[in-house]
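Quick notes on the structure that follows.
Lettered A, B and C in written order, each chain numbered from 1.
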Amino acid sequence: MLRFLFRRSAQGALIVWIVATTAFVLLHLAPGDPVRASLDSPLVPESVRAYWVGRLGLDRPLPEQYVRYLAAAARGDLGFSFPHRRGVGAVLADAIPNTLLLMGVALALSFAIGIAVGVFQARRHRSAFDRGIAVGSLVFYSMPDFWLALMMLLVFAYALRLFPVSGMHDAVMYPYLGPWARLADLARHLVLPAVTLTLLGAPAVARYQRAAMLDVGRADFVRTARAKGVGERRIAHRHVLRNALLPVITLLGLALPALLGGSVFVEKIFSWPGMGTLTVNAIATRDYPLLTAALIVASVMMVVGSLVADLLYALADPRVRIT
Amino acid sequence: MRQHTLLATLFLALAACSRGERAAPGGENGGTLVVSVGADADAIIPPVTSNVTSVQIGSLVFEHLAEPGALINAIGDAGWKPKLARSWSWAPDSLSITFHIDPRAHWHDGRPVRASDVRFTWQLYIDPRTGSDVAPLLANIDSVTAPDSTTVTFWFAHRKPDEFFDAAFQMRILPEHLLTGVPRDQLQSSEFARHPVGSGPYRFVRWVPRQSIELVADTAYHLGRPHIDRLIWSIAADPNAALLRVMSGEADFIEYLRPSDLAEVAKHPELKAVRYPSMAYAYLLFNERDPDAPSRPHPVFGDRAVRRALTMAVDRAALVRSVFDTLAVPSIGPITHAVASYDSTVVQIPFAPDSARALLDAAGWRDTDGDGIRQKAGRPLRFTINVPSSSTPRMRMAVLLQQMFRSVGARADIDQMDFPTHSQRVAARQFDATINAMVSDGNPATVRQNWSIPAARAKDGGNAGSYESPTFDALIDTASTQMNPAAARAYYHRAYQVLIDDAPAIWLYEPVSFSAMHRRIHPVAIRPDMWWANLDQWYIPAAERIPRDRIGLADARP
Amino acid sequence: MLWAAWLVAGALAVALSGMLARAGRSAARDDPGWRGVVARLHDDRVALLAVRAIIVLGVLALLAPWLAPYSPVGQPDIVALKNLPPSLAHPFGTDFASRDVLSRVLYGARVSLAVAVLAIALAVTLGTAWGATAGYYGGRLDEAMMRLIDAALSVPRILVLIAVLVLWGGVPLPVLVLLLGFTGWFGVSRVVRGQVLALREQEMVLAARALGARDREIIRRHILPNVLSPVIVAATLGIANLIIVEAGLSYLGIGVRPPTPSWGNMIQDGAEMLSSAWWVSFFPGLAVVLTVMAFNLAGDGLRDAAAPHQVDG
């Protein structure tokens, strides 16, 4: 077990290093730099830009910048975000909890609903219910995410006024609310983006779960159980569900990075101040330190996600033993 | 009070304890204004930011020495109103101006504003370590002296009509006692830039990054308490969401409405739309030098006749009507209606596609192979138009222009890019043609930055199209030194006519600013360059208030 | 003239669909090869419908120049004819530049489909080559190649695309296709590698190796034909995904450049007028949803038909 963890950690570190290096090199080869992108007015004297370029070390040779970057990153210093005029760490620390909240809720809902619907569909395979859900989930599954988000915004926030348009808090009242009212305010703002993400995510989970249930249902050990006279309900729960959860667990591991990566379009359209919008803005403002850090965070989450998936897999499947 | 107070109870409680203050003339005190904006601030410290939200917040927290009236006048001090300076006097030789600081003026931490703060501010602005983009505009200020604590004198290097404008308008005064220990090159990332302390009508309260920024009225403001208690900037990352916040009642004001929003706002009886002139104009700029070999003229746009012909191919009235409905007028040159030197008598190049074709034929561009595109010496009449994808009007203009050029046998390809790339290519002069937008600062002499010979030849000069006309430069130089406004106007007229006849650009549109606000908001004197300039005089009548207006001046919960 | 073109298109679609049906009837369901897949696909009514929809779509895209009632870029009157609601003359209305939305949706199908198909062809080729090499040789090479894939998969693709398209600015269509292809093959390579890993130990491969066949020969003769079905499934689902990705990029204004119509940039054209001129982005949006649904259904059907009794996990 320890050896397994050690090996996986080493592999993970390697992956993160590859991502960091590639991002660093590619971004520094790209035209434009954060100083020029922020101080873009022709009125800014060249000497001012040169000063900032020097202060941020952008005029050094690439290998030197790279070594400095790695050394600083190893100390936990991810650099300075020029467009935000703050350290990258502080900017990330503001955004990460927001994304964690939104994506956590959305992932939990997607998996809970997706698994439940998938199981139900499989049990009533080829029934009208199964087909109805299949068509419905396929429609959402096939919708561009920005399109669904725009529609949700127009219908539920604008036309019906059931929920606030966007953001995380009521900009006016939030500072004056008590803790419970603050929680309620946050929840009201969370509904639309979380539901949008769930509508996009749950169909995928349901499709996976349904297919897995049907596959397992045809497997030999289930036939054997059935032949031995084990009740259908017991088969469904003890044999099928447990085995059919395995592929879904893999899916969960793949989905974990989104916890910190956020969703570019949904965050943008609902103005959720998370990592997705932060990263896209970092691209627009040529904020390379922030962008590199965001990509590193994404790859760390990916590594952790696949590790978690493997561990859960072992937990659910007695045949797998981690060595 | 119990912790989990319901929203409604809270409103009632706040309403009960809001003080009954004397209504100032022209308005009543109280209320909350929520402004919906599309971008977070960066550093709220005027010399080092050009971020629009930072500028807005900065100009309510910090003050100029004086403010211009509705028409931005850069010549002399006609129409200017006292702000931090109670009064001012010109030296007989016009080489210095002495300002008298309002003795009641104070910083939000309670300390009085002193003349030395003004001198400190000037030193800070021109310090290269500060890196202010305003510094070059202060070049004519030779020195600043503070003979006593409320008197400050600006000394100028040359006698110019815009010296008052430079001293009073280019700088917002900063507190010396809070900034003296901050290294100049770290102003941008300093604690002060995130918790600014100024002397303006509103005090900074809080900033939740990427969500909101809050200001509260300074009831002891030296020019009288601002009417509206509380100002909140509500930040939305998406333009649709920013607008929907106003439509759904979550916010009260949005500065910029798109033409397609007109009908939508009309459906909301609780909203009103307010129009006022703007200082912006947009144009299709031709690069007169070959972007690949700047020593050579551009193979297409180097020829004045071709530029004029392409201008004649464009139906600007239809373009503007199609993209903006009534929210813009065709632009007539590098000036807008709100600038004092605006001159509608300058003769324009007409829309005349047949003349355009004849002119191109005469210039040697003919469609010899019948593919609809003209050629000359084997080179097709083909070029690329750069547009920033952040601007829907400019993207649409490009698509419409493309078709108009096609009808006279020219092929235009559209290259859309994000805003920083677009600016960078303009600055590096890597373009054939580009749709640029410019915001005039009210000083007509500033056209030099974009159209003069020195600006064309300097590295990183603002004349990106390399238009060069000694006649134009001479006329502008003469105009900008005239102390008599009528004489200045006459010279500017001649300069504009030379520029427009040479067709260095196709003047496209001058948008009308069109803001939407909640009906209960009563704006006062919206200025074309900054709608927020007189925000301290806006008011919300007590009878029309809604629950969020009753927060008053109360402090937030911890 | 227009009606004749539509008639021809209809006939063509029916004929192609009929060919598919005949192919299905003539083959045996238990044929392990490609014909069996087609036959089994025939039992799946939904999947068959999806395949037919894709055929119709392909015909429409192919014949767009004859089927479209107007030019996709023509601007007859930018003031009087802009943003017209759907009518007999313009069944899908007109957009901000007075262009006919129906004609643009038809031409847009060409662009959106061509971009997706070409990009997926590139992705599948790269992914198959990489995955087959890693899976066949195994060992350290496999380990190294798969770690690179892990690293590539650990960065969200949409971010990479946005970054490259924004930072390098205004890329032409062929470059966009290359970019979509080069960022889309990592998943395929994993699938192929898994399949090859399993095949490597199968009798026919072992036999071939024992007979002295060269690696290249074995991969070409025995391995690749057997990974074809999962690759085709991945390609079909990948097209669905690519259409959505292209739409998203164009929504951000960094995808297909105007005036070339793609469904994505058409949605973008109308996105800010949803409440006043919904038709400008509704019809291209509908085209995206229906097309993506068709490809997803077809992909699911193909997967079931290709591996009727496969057990995952």
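Convention: a contact is a pair of C-beta atoms (placed from the backbone, for glycine too) under 8 Å apart; a residue touches a chain by one contact, two chains touch by 3 or more.
Note that the coordinates shown come from a computational prediction; the quantities given were computed from them, not determined experimentally.
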item	value
Label of the chain whose CA centroid is most distant from the centroid of subunit B	C
Higher-contact pair (C-beta pairs counted), B-C versus A-C	A-C
Distance from subunit B to subunit A - Cα centre to Cα centre, in angstrom	38
Between subunit C and subunit B, distance of the C-alpha-averaged centres to the nearest whole Å	46
Subunit A and subunit C: spacing of chain centres that average the CA atoms, whole Å	25
Subunit A, residues touching no fewer than two other chains	31-32, 150, 154, 158, 284, 286
Multi-partner residues of subunit B (each touching 2 or more other chains)	240, 418, 421
Touching two or more other chains - residue numbers and ranges from subunit C	166-167, 169, 271, 275
Residues of subunit A touching subunit B in the complex	31-32, 36-48, 51-52, 55, 80, 83-87, 91, 94-95, 150, 153-154, 157-158, 161, 164-173, 175-181, 267-271, 273, 277-278, 281, 284-286
Residues of subunit C that touch subunit A when the two form their complex	147-148, 150-151, 153-156, 158-159, 162-163, 166-169, 240, 244, 247-248, 251, 267, 271, 274-275, 285, 288-289, 292-293, 296-297, 300, 309-313
Subunit B residues touching subunit A - in the complex, by the definition given at the top	2-7, 10, 14, 32, 34, 42-43, 50, 128-129, 131-137, 185, 188-189, 193, 206, 208-212, 214, 232, 234-238, 240-242, 244-245, 247-248, 250-251, 418-421, 423-424, 427, 449, 459-462, 548, 551, 554, 556-557
Complex contacts: residues of subunit B adjacent to subunit C	239-240, 258, 260, 263-264, 318-319, 321-323, 386, 389-390, 392, 395-396, 398-400, 402-403, 414-418, 421, 425
Partner subunit C, residues of subunit A touching it in the complex	11, 14-16, 18-19, 22-23, 27, 30-32, 138-139, 141-147, 150, 154, 158, 207, 211-212, 215-216, 218-219, 243, 246-247, 257, 261, 264-265, 279-280, 283-284, 286, 291, 294-295, 298-299, 302-303, 306, 317
